[in-house]
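Naming follows writing order (A, B, C and D), and every chain is counted from residue 1.
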Amino acid sequence: MKSARRNLLLRRALYRILDPQRSGRTPEAFRLAHHGMVVLGVGALVLATVPNISADYRAALDAVFYVALAFFAAEYLCRLYVVPEAPWSHQGRRWRDRLHWSMTLQGLVGLCSTWVVGIAAAFSPDAASVRLACVTWLFKFVPYSEGLSLLGRVIADARSTLVSVLLAFIIVLLSAGTLAYLVERDVQPETFGSVPTALWWAVVTLTTTGYGDAVPVTLAGRLLGGCVMICGIALFALWAGILANGFAEELKRRDLQRTWDLVTKVPLFNAVGAETISEVTRLLRPRDVPEGAVVVRRGEPGDCMYFVVSGEIEIRIPPKPVRLGAGAFFGEIALITGEPRTATVVASRSSVMLVLHVTDFRHLAARRPELMAAIAEESSRRVAHNNAADDPSG
Amino acid sequence: MKSARRNLLLRRALYRILDPQRSGRTPEAFRLAHHGMVVLGVGALVLATVPNISADYRAALDAVFYVALAFFAAEYLCRLYVVPEAPWSHQGRRWRDRLHWSMTLQGLVGLCSTWVVGIAAAFSPDAASVRLACVTWLFKFVPYSEGLSLLGRVIADARSTLVSVLLAFIIVLLSAGTLAYLVERDVQPETFGSVPTALWWAVVTLTTTGYGDAVPVTLAGRLLGGCVMICGIALFALWAGILANGFAEELKRRDLQRTWDLVTKVPLFNAVGAETISEVTRLLRPRDVPEGAVVVRRGEPGDCMYFVVSGEIEIRIPPKPVRLGAGAFFGEIALITGEPRTATVVASRSSVMLVLHVTDFRHLAARRPELMAAIAEESSRRVAHNNAADDPSG
Amino acid sequence: MKSARRNLLLRRALYRILDPQRSGRTPEAFRLAHHGMVVLGVGALVLATVPNISADYRAALDAVFYVALAFFAAEYLCRLYVVPEAPWSHQGRRWRDRLHWSMTLQGLVGLCSTWVVGIAAAFSPDAASVRLACVTWLFKFVPYSEGLSLLGRVIADARSTLVSVLLAFIIVLLSAGTLAYLVERDVQPETFGSVPTALWWAVVTLTTTGYGDAVPVTLAGRLLGGCVMICGIALFALWAGILANGFAEELKRRDLQRTWDLVTKVPLFNAVGAETISEVTRLLRPRDVPEGAVVVRRGEPGDCMYFVVSGEIEIRIPPKPVRLGAGAFFGEIALITGEPRTATVVASRSSVMLVLHVTDFRHLAARRPELMAAIAEESSRRVAHNNAADDPSG
Amino acid sequence: MKSARRNLLLRRALYRILDPQRSGRTPEAFRLAHHGMVVLGVGALVLATVPNISADYRAALDAVFYVALAFFAAEYLCRLYVVPEAPWSHQGRRWRDRLHWSMTLQGLVGLCSTWVVGIAAAFSPDAASVRLACVTWLFKFVPYSEGLSLLGRVIADARSTLVSVLLAFIIVLLSAGTLAYLVERDVQPETFGSVPTALWWAVVTLTTTGYGDAVPVTLAGRLLGGCVMICGIALFALWAGILANGFAEELKRRDLQRTWDLVTKVPLFNAVGAETISEVTRLLRPRDVPEGAVVVRRGEPGDCMYFVVSGEIEIRIPPKPVRLGAGAFFGEIALITGEPRTATVVASRSSVMLVLHVTDFRHLAARRPELMAAIAEESSRRVAHNNAADDPSG
C-alpha cells in the first residue's frame, strides 16, 4: 500500500514536470533542458554531415548526440509511466492506457526517434544515415507551442477544402505538363522528353519558384508558361487564403477565450451584466508585461487605458510612487482629457493587463454609459485619495 | 408498356448510381471504380511517354488505357441514356433533353475524351499523342468535388473584376516589355532582340517566377526590373485577393446553409424563435466524425460542446457507457465549470455533430438566456438520470 | 444662331458617342472600333520589332499603325471639341475648359501619343523607336474599365500607407545590399563588387524572384539571403494586403451602390421601410443575364431566389411558358420547400436580376417577417393564377 | 537664474524643431534638411563603393559624407540636450533622463552611427568598410513615418504567433534539408553534400525564390521539392496573413481615432448623441486636400458628400463663388437627387474633410433619420440663402 502511494506521488510529480502548460521552477527547468537538448542534438546531427567538421569533432558531436538520445529515451519512459497523464486515472486501467498512448502519433514518434533509432544505429552499417531520423526531435516542440497546435487544428478543420484546392492543383499540373510535353519535346528532348519530366517544369512554374533548369523556348510553350504562372498564383491564393483565414479565426477565438477569463478577474466588470461583459471582451486585448517594463511613459500621447489582471504596477508620481495591484485600472485620464500622460507607469512585478484602445473606449462610453460612470467614479476616488496622501508632503 | 416500365426502373437505378452526391453502397462502389479508372488511365498515359518504361511495359500500359477508355465510353452512354437525370422527366422530351445535354460542356468533353479519341487514335499515325487528350479525364473529378464547383462559381461571379485585373496585367506587361526592349536590345540582342522576346522576360518577372534565362544587365533595365517585380506583386495581390475573398465567402455561405439544415434537426432549437436559430447557425460549426473516433478525451481541457445531429456517440463513464443518439448534446459541463473533461466520448457510429466553441457559448449565454436555461435544464435532468442509473451499481 | 445650334447638336451627338458608360448602338460600335484599333495598333507595333516579321510584312504593319494613329489623332480632336463633356457647359467658358482638359493627364497622353509621336516619327532618324511610345495607347482602356478606375482610387486613398511600406522596403533593401556587399565582395567581385550591384541581388531576392544571376555562396551571405527572403515576404504581405483590402472594400462599396439602385426598382421593396431596404441591400447581389441564358434548371437543387429588375424571363412550365417582367420574382418555392427546382427558367431578354441566397433568405425571414409575408402572399397569388390558367389545358 | 531661463527657452525651441509631428516653418525646414542629409549621405556611401565612380569623384563623395556625419553628430547632441523631450521635466532629473535616453535603442543607434563611426573610421585601416555602418542612417526615417511605427507595433503584438510560424518554418526547413541530403547526396555531392548545404536549397525553395543554383534531379528529390514548395506557400501565407491582418487592424484603429477627433469639430454632429457619433465615425473617412485641388467637378456623377473640418472651400456657382469654412458640408444634393454635380468645388485653402459615401449616406438615412433631417434643413437653408444672394445679381 505504501509503495502504491509512493508511486502515485512520484507519478504526480513527474506528470507536473512533463506537462507543457504547467508553470513553476521545476517544469520550467525541465522545459529549458528539453528544448536545449533538441537544439543541441539536432545541431550535432546536422554538423556531423559536414565532412570538415565531422573529421575534426566527431567524438564531441557523437557525445552530444548520444546524451540527447539518452535524455529523450528516458523522457519517453517517463511519459509512458505517467500515462494517463491526468492524476485521476483508475488503477486498473493504467496498463491499457499506456498501451493506448504508445500507439498514438506522439507515442510512436517518441519510440521510433529514441529506442528504435538507437538500436538500429548500433546494428546498421550506415549509422550516420539512420541517426538522421532523429531530426524528428524537432517535432517535440509542437506540444509546447500553442501556435503549432492551432495550425494543426486549422488544417484538420479545412481538410476537405484544402483537398479540393490540391485536386485543382493536380488537374492544372497534369494538363500543363502534358501540353508542355507536346509543344516542347521536339526542341528540348532533355528537359521535356516525357510527361513526368515536363511535370517537374510545371510544378516549378506553378508555384512561381522558377529554378530555370527547365524553361520553355517555343512560342506556344511560353504562352503556356505565362498561363501556368497566372493559374498558379490563383490556386495558391486559394490555398493561402484558406489557411490564413482559418488561422486568423482560430487565433481570434483563442484570444477571446483568454480575454474572457481575464475579464472575469477584474472586479469592475463583475457588477455589469453578461451581455456587457460579452461586448467588453471583444474590445479588450490581453498583454503580458515583464517585471520592470515601462507600460506608459510620461509626456507621450495616451491612446490606451489598462486593467491590471495580475501582478503589480507602480505609478511614478512624486513624492512617492503609487502601487496598484490586481483589479485596478489606470491610464483613463489621458483618454478623457486628450492630454499627454502625466506619469510614467512601470510593472513592479511580472503582470498581465487588459488594454482598451481609445477608439474602443469611446465606442464603449457611447454604448454602455453605466460602465463608464463606474470607471469615472473609481477614477475620481483615486485622484482624491492621492491628493489626500500628497497633502502632507506638498 | 412493360418494357417502358422496365426502362424507367433501369434509368432510375442508373441515375442513382451516377449521381455524384448520392450515398449508398452501389453509388459509392461506382465512384471508387470511376476515380480509380481516372487515376489508372491517366497514370498509364503519363508513364507511356517515358521512353524506358514505355519500352518495357507497353502492352500493360496500353491495356490499362483501353480498359479505362472503354469504361468511360460506357459511362458516357449511360449518362446520355439517363438524361434528363431527374426521374420526373416527361417521356416526350427525352430525346431533346439528351441532345441538349450532349451539347453542354460536360457532354462534349465526355464525347471527345472517349469516342472521338478512340476513333482518332485508331486512324492517326501518331496514336500516342492523340491519346494524350485523355488527360482531360481528370476533369471528371470536378462534379464530385464540392470545392471545385464552388471555385467555378467564384470565378464566374468575379469575372468582370478578374478581367479588369488581367487588363491591368497586360498593360503593365506590354509597357514593361517595350521599355525592356528599348534599354536592353543593344546589350543582349539574343534575349531582348524584339518586343515579343522581351515580353517573355516581363511575364517571368511580373509573376516573380524568375527563371533567369533573361535577366537585365544595364542599370536602366535593372531599375525597370525592380519596378516590374513590385508592380507584379501588387497586381497579383489583387488577383489573389479577389479569388481568395470570393472563395472564402462562398465557403462560408455553403457552411451556413449546411449548418442551418442540421440545426433544424436538433429538437432543442425547435422551441426557440427563428431569429435565435439564425444567430445560433452563425455560431455552430458542423463536424463529421467517423465511427470509433474519439470526440472528447478525459482529462483534456474542454473548449467546446457538441450537438448530435445524426449517428450515435458513447460517453465512457463507469460502470457502463451511456449512449446518446441524434438530438442529444454533451460536453456543456466543462464549459460551465471550466474543469477538464470528466469522461471520454467516442462516436459509436459515423456521426454528424454541431460544435459550439466556449467563446460562442458564453456569447450566446449572454444574449439568449432562454436557450441556455433549456440547455442547463436538460443537462441537469441527464445528470440526475445517470446518477439514478448509477446508484444500484455504485 | 443656326450654326451655333447645329454645333451644339453635333457636340451632344459626339459627346454621347465618346462617353464610356453610354449604352446604345452608335456608342457601342465606336467602342468596338476604338478597342479594335488599340489592339491592332499595339499589335502592329510589337510585331514590327521582330526582325523576321518586320522584313516580310513591313508595309502591312506600317499601314495598320498609321490607320490607328490617324484614328486616335481624330479621336483626340473630337474629345477636345466636346470638352467640357457635359452638355450644360456655358458658351463663354468653352475654350478655357478645353485648355484645362488638354492639360489633364488624359489630355496630355492623348496629345503625345498621337500628334507628337506622329510628327516626331516623321523627323526622327529612328522612327521605329519613337513609334514605340504608342504602346501607351493601351491606357486608353482605362476609362472603359470600371475595375481599373477603382484601382486608381484605391492607390490614391492608400497612398501614404503604401509609401510607408515602400520606405520599409528601401531600408531593408539598402541594409541587405550593404551587408551582402561586405560578406560576398571578396568571393564574388563580379556580382557583389559594389553596393549598387549587390542591391540588384537584394531586390531580386526580396521580391522572391530569384533569377539566379547573383547568388550568395558564403555562409554569412546565405544566412543573410534567408533573412532577406523572409523579410521580403513579410513586406510584400503588407503591400499586397493594403491593396487587396482596399480594392475589396471599394468593390463592395460599388456593388452596394449598384444594388441599392436596383432594389428601389422592385415594387415589393417599396412598401417596406428604409431600414429594411438598407438591410436587404446588403444581402442581395446583382447578376446580369444575357438573352437566352438558363437561370434555373429543372431538377437542380435550389439555393437562390431571384428578383427581376429589368428585362424579361420565361418560366418553362407546361402547357405554356409564363413570362415575368421587371418587378417580379421567382425561385422562392424551392427555398421554402427544400425540393429541387420544378421548372427551368430562361431569360427571354437580356435581364438584370437580384439574387437572394437561401442562407440570407432564412436570415431575412427571421429578422423581417413582414417582408417574407409579402413574398409568400405574392407567391401564392401567382400559383393560384397559374393553376387557373392551367385548368382548361389540364 | 537668467541663464537657466535662457537655457529653458533654447531647449523648448530645439524641442519643437526636433519633434517629428510638429508643424510649422522651422520644424518643416529641419525635416527637409534632415531627410536630404540622409539621402545624400547614404547615396554618397553607396556610390563610393563603385570603383569607377569612387576613382573619379572620391573627394566630392567624401565631402558629402562628412557633412552628413557632422550634421547627424550635431543632431545627436541636440537630442541629448533636450531630453527629456517634454518641456515639463523637473530640473533635478535632467541628467538621469539624458543617460536613460542615451541607453534606448534610438540613443545607441544615434551614438554609434555618428561619433563611434567617425572615430573608428579615423583610426581604422579600412575606413570605407567602417563608414558603411552609416547606412543605418536610413532608420532615422522611422520616427517620421507613422506607417513604420505602426508596423513595429504590429510585429510586437503578433510576436508570439510569428515565432510559432517561424518555428514551423524551421521544422519544415530542417526536415526538408535532411531528406534532400539523403536522396540527392550521391548524385550531386557538390550542392547536397551535407545537411547545411542542402538547407540552402531548402530555404531557397521554401520561400519559392528558386535561384536555380541547387536543383534536385532525382525523382524522390523532385517529389520532395514539390512538397516543399507547397508547404512553403502555406507557411508564408500564415506569416503574411498575420502581418497583413494585424497591420490592417492597426490602420483601421488609427483612422477611427483620427476620424473621431475630426467628427467632434463638426458642429452638426454635436447635437446628436454619443452613440450616433460612434456610428458616424465608422462611416466617415478623412481626406486631406491641398490648396487649389478640385474636390468635386461639375457634371460628374456624385457619390460622396463632404464635411469641412478645417480650411476653406469654394463652390464655383455663378455669378459669384460661395466660400464655406470649417463646420460646413456640401455635395449632399447629388446624393439625394441622383443627378450629376451642379457645380465645381475647389479647396481655396489646404483643407481637411470628412467624406461620406453614398451607400453609407443611405444607410445612415435609414438608421438615423434625425441626423438626416438636420442635414436636409441646413441644406435647404443654404439654398434659400444662395438664392437670396443671387437675386440682385441675376
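By our rule, contacts are C-beta pairs under 8 Å (C-beta built on N, C-alpha and C of every residue); 3 or more make two chains touch, one makes a residue touch a chain.
No experiment lies behind these values; they were computed from the predicted model shown.
Of all chains, the one whose mean C-alpha position sits at the greatest distance from that of subunit A is C.
Counting every residue number used by either copy at the subunit B-subunit C contact, under half are found in both chains. Matching the C-alpha atoms of subunit C with those of subunit D calls for a turn of 90 degrees, to the nearest 5.
Subunit A and subunit D have centres, each the mean of its CA atoms, that are 29 Å apart.
Contacts with at least two other chains are made by residues 196, 208-212, 236, 240-241, 245 of subunit C.
The touching residues of subunit A, counted against subunit D in their complex, run 42, 45-47, 49-51, 129, 132, 135-136, 138-139, 141, 145-148, 150-151, 169, 196, 200, 203-204, 207-213, 236, 239-241, 243-245, 247-248, 251, 285, 298-299, 303, 340, 357-359, 362-363, 365-367, 369.
Within the complex formed with subunit C, the residues of subunit B that make contact are 84-86, 88-90, 157, 160-161, 163-165, 167-168, 170-171, 174-175, 177-178, 181-182, 193-196, 199, 205, 208-212, 215, 219, 222, 225-226, 229-230, 232-234, 236-238, 240-242, 245, 253, 256-257, 260, 273-275, 277-278, 281.
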